[in-house]
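One chain, chain A, appears in both complexes that follow, with chain B as partner in the first and chain C in the second.
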Partner chain A sequence: MLYCFYYSARRKKFRDQKEAIKQLIDPYISQSVLMSLETEETNLRLPGFDELQQKCKEAYNRKVIIDELVLARKNLAGQAAEIIEQLYTSLQLQLDSEHKLHSYKWFKKAKGIQELSFMSQRRYWKDIYKLTNHSNEYVRMEAQSGIVRLVGFIGLRFLNSATYQISEWQQVNLLYLLESLPITEFQGIERWLHSNNKSVVIFALKLIASFRRYEQHHLVVKCLQNPEPEIRQQAIKTLSNIYREDTASHIIERYSFETWHNQLESLKSLGKIGEEEIAPFLAGVTNDPDPQIRMEAARALLLCTAAGRQVLQEKAISDQSWNTILEQLENEMRA
Partner chain B sequence: MSWQQVIFDILTYGILGYSVVLISFYLFIGVYSIGETRRYLRKNSFTDYSVLAVSTETPGITIIAPAYNEGATIIENVRSLLSVYYPNLELLIVNDGSKDNSLQLLIDAYQLEKVPVFINEQIATKPVRGVYKSRNPVFSKLVVIDKVNGGKADALNVGMNLATKPYVVCIDVDCILEEDALLKMIKPFLESTNKRVIASGGVVRIANSCEIESGRLVKVHLPKQFLPRVQTLEYIRAFLLGRMAWSRLNGLLLISGAFGAFDREIAIKAGGYNHKTVGEDMELVVRMRRYMEEQKIPYKVTYIPDPLCWTEAPSSFKILGRQRNRWTRGTIETLSFHRKLFMNPRYGLLGMLSYPYWFFFEFLAPLIEAIGLLVFLVFTILGLVDWSFFFALLFFIFAFGFTYSVFAIFMEVVTYNQYKKRSEVFSLFLTAFTEPFFFHPFVVWSAIRGNIDLVRKKNAWGEMTRQGFANANANKVNSIPPKHGNS
Partner chain C sequence: MKILVAEDEPIMLKTIELRLKKDGYEVVAVSDGREALKQIRENTPDLLITDIMMPYSSGLELVGAVKQELSNPIPVIILSAMGQEEVVVKAFKLGADDFLNKPFSPNELSLRVKRLFGKSIS
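Entry: the complex of A and B
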């Protein structure tokens, strides 16, 4: 009980100390950002710098300052971001981050990677790259994100040797990072599509979809025959983003061999990309015994064919439930 | 050796042995939870949830909130749920045949109109009378379903059938969610690469005496009344220690009905909520786990220690008694439905550890405690009690219980530290001291009544009158109609 109160008091002391440092660093950051609008110079030394440097003698203060700088850097771009990075190096804070990077503790290592990469410390890229296939998933994830942050699309080279599965969460993170970068040509997709790592193939397919790599269409079509259903599902989704005239026919060709999930995904994709000639196929699928498949086929029919409405109306004559489906779909389309 | 002595020894050593095993489990849970909590907090220190808020890859979530006679607060509750921050969200309010004007209030407030919807009844439910959506695009996430009364489980099943997103979050409509609750809840589903996450639970915290403004929690206070305060301590112990340890073992059997996320496909394949039990939340998790074990699909049930959901705890013995009575019946019903799991190695940890633990230490504990008390009284009358040993043991048990609570409070202080004032922490210690005298006996008594009611086939949900958060007078309590009093 006493330790609990002692801990609370200690925590309060740190909280107050943190608040004091924030009172110092936050206005400094704001001032630097404002100055960045007026000058080209990134190595600014505003009044208050010496005091900050003085505060940096204490480890806890440095930790707070790094956290504040990283937070500010996340929300800034251009010259303002460069000023933050410059302040970080002027205060020699990269040494703290480097120390973390080389720590044996996974959470410190991951934090170090995050700090160095947000602060564009490119000279650490080799150290960070080595960690992209680390056995600890959090270190690995931060290293993968960090290398992309540091060197952009080239950083995706880690996919060549990724042996661990890349989680969906990490894929969301990487795609988000990549989408914020200036689009450049990037190599390696063909290799990643042939990876033994299922998640690398799926991620490569997502990259093709996100960056509209139409020239990879034939490779994506090949993925429709991959033995892994998750890869085939992503290939179906990707095709709806880079479709050509023959895309729908490729999806239809594989439809009957597909799992229930992938059939549903195929119908969703066909709804987006299909044209008049797939109407007979979709009309046939509306007789499927599974209600969800029937519903999705009807949706695709209405979305991409002019004859869709008539087909569904004819079905409604013999089965009342089609009336509700038709009304629901028309309502959805109006919304 | 006389026969009295033999009976005395069997009972004494039997109960002692049981207590030793129970205490060992508590010790293990306490120690084992530390690692999991620490790991989560460290991981969280560099996680950026805002990525999910802006990504186009964010998976969809449907919130299902059943409502029964919630007219007094429904508008505010829905507004609160609509303000939860998540980009790919659908909010289903299931009006479970309310006898009040809940539906009309919703129609008027959110400009709802009846829309045609084809219902793919994957789980059999009571009929749906209508589905309503808003004409106002501001409320495009909102869907209100009006159905014939069938109880909470039935209402949740209707939501499962009509949800359009792959993940569902089932909550009590009057719960207050933190703004980023869903961003945090979805992460475990996306993180796992080798096991399918079928369900994820979140911490439910007590909101009595907290400051609520426009359906949002703005300031946390420790409840001023004794009963909600002792439940706060109970929840801290259960959520911060118990569930964290079970989560680390991948042995969680219970995700609170007030706030839990599920993989919709697996929940439907497992058969959805069971309306034949009053413990539908626990029963669903057990059934989903059982389904995965039988299908031999690797899976996980995860748990998040962040305080994400705030609810009002019963503040009178009458309501608390009903709640604990119902929880007991729900536990027994679930254990009874799935008795096949008991010590069945085919079900792995589920059959060999989780189920037996619940059987021996959740279901049997109050019964053994009551038997122990009766035996003690009989032995006292017969003069068989060794008083010095009795007092030593009593002191040990009391000290252990108190130390365990203090440890839970300490974990709260070093982790989420919701109660920042020194007086609040002190009040929690004081509550831990008084709990065994006032609260614990009542909880045991309610559990025994639950057993009796089950034998007598009384299967009512039990009216749960809540006082409500919303109030014109500085957010203090006011009275609302009964909460989901279906039977």
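Entry: the complex of A and C
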């Protein structure tokens, strides 16, 4: 009973303290951002700075201020972002984040990485880079995103030594992050395509697709023969983003050796990139015993060949169900 | 010109409010979708700037309300970290006039507002 009372009183105290600090820091951040936009000065000290500094003597207050600054930094770009970073270092808050970075607790480590990387604290890049292959998944993910946030495409170098699988979720995060950065030349794709880590190969293929690395076409074609079906599937998808005249023929060549899933993926890609000359192949696949394969072949036929409709209408003479399929596909395309 | 800003992050709400007030606009700042809807219905602004993820009603629901309920629909700028293609497409299909990805620059927002009001950008 006594413990419950103590616990709830303590919680209330922290809640009130947090509110009081937020009342101080939130307007200060907004005012600083606005002033910096007016004066184009990022090293501003507005009235209230001394009070903030005073409050920063207490660890809990520093924690609340860091959280508010990181939140603002996540939402703001350009000069407004610079002023937030400036405020963070003026209050020496990077030292708290550094302390978290070196903590033995994984969640503190991950938080430290996040704070330092959002606040563009580049001098910590080596410490963060070392954590990109950490045994804890959360630390590893934060470090991988953090290093890319800090140094951009060059941070992808962590892929050279990544031994743990990079989850699909993390791959999406990294791609999203990279897409927001200024595109620079990045080296290493060839090496990553030969990695023993399956997820690194898949991620490299996604990078080729996202950043339209046409010059890697021949390497992606080689991946169509990789023993791993997931890698081949990504290669098929990637080829539909960097296609050239002979791309469809490479996919068709491997079609009969593929798994059911990859055959479907091949047909989807062919629908995106194919031209008239693949019509006989697709027409042949519309006779496949599997209904999903037949459907995807018909879709591809309609999408990429002028004769597609006629081929399907001819099939409908002997099999009425093709009329329904044709109607459904045409509705789909109109939508 | 009156602008309604709906954003659930207090710092962002304050920053946007101050930036737009500096440009001379009257700003009504609200922190959830329900309050925004109430404002739209009772005290229609000239422009709505809204986040997508908010308590009670999402920014996309607000766009729908603005474009369907008002006899004279006002322009809407979506401000969101959900910049994925499908979200942006959905917002424009619902009738949004502009989409600004977070993180964003308050100066850029100011210019987009000016453009929507047909003011010259200089």
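Keep this in mind: the second predicted complex is superposed on the first by the 326 of 335 C-alpha atoms of A that agree within 3 Å, B and C clash if a C-alpha of one lies under 4 Å from a C-alpha of the other, contacts with A are read in each partner's own complex, and residues count from 1 in each chain.
We take it that contacts are C-beta pairs under 8 Å (C-beta built on N, C-alpha and C of every residue); 3 or more make two chains touch, one makes a residue touch a chain.
As the structure is a prediction and not an experimental result, all values here were calculated from the model.
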Check: Of the partners chain B and chain C, which touch A:V33 in the superposed model: first, second, both, neither?
Finding: second
Item checked: chain B versus chain C as contact partner of A:K111, first or second or both or neither -> first
Next item on the list: Mind working out whether A:W169 is in touch with chain B, chain C, both or neither, as first, second, both or neither?
Entry: first
Check: Of the two partner chains, chain B (first) and chain C (second), which one does A:S321 touch, if any: first, second, both, or neither?
Finding: first
Note to self: Going by the contact rule set out at the top, does A:Q54 touch chain B (first), chain C (second), both, or neither?
What the structure shows: neither
Next item on the list: Pick one for A:Q79: touches chain B only (first), chain C only (second), both, or neither.
Entry: second
Note to self: Applying the document's definition of touch, where does A:Q92 land relative to chain B and chain C: first, second, both, or neither?
What the structure shows: neither
Next item on the list: Mind working out whether A:T259 is in touch with chain B, chain C, both or neither, as first, second, both or neither?
Entry: neither
Note to self: Taking the stated contact definition, name every residue in chain A that is touched by chain B in one complex and by chain C in the other, in rising order.
What the structure shows: 74
Margin query: Quick check on the complex: what are the chain B residues that touch chain A?
Written below: 42-43, 45-46, 48, 51-52, 54-55, 57-58, 115-118, 120, 133, 140, 187, 190-194, 406, 409-410, 413-414, 417, 422, 425, 429
Notebook entry, point to check: Can you list the residues on chain A that touch chain C in the complex?
Noted result: 22, 26-27, 29-31, 33-34, 37-38, 68, 71-81, 180
Check: Within the complex, which stretch of chain C touches chain A?
Finding: 9-12, 14-15, 17-19, 22, 81, 101-108
Check: For chain A, which residues count as touching chain B in their complex?
Finding: 1, 3-5, 7-8, 11, 74, 106-107, 110-111, 114, 138, 142, 164-169, 171-173, 175-176, 199, 206, 291-292, 295, 321, 324-325, 327-328, 331, 335
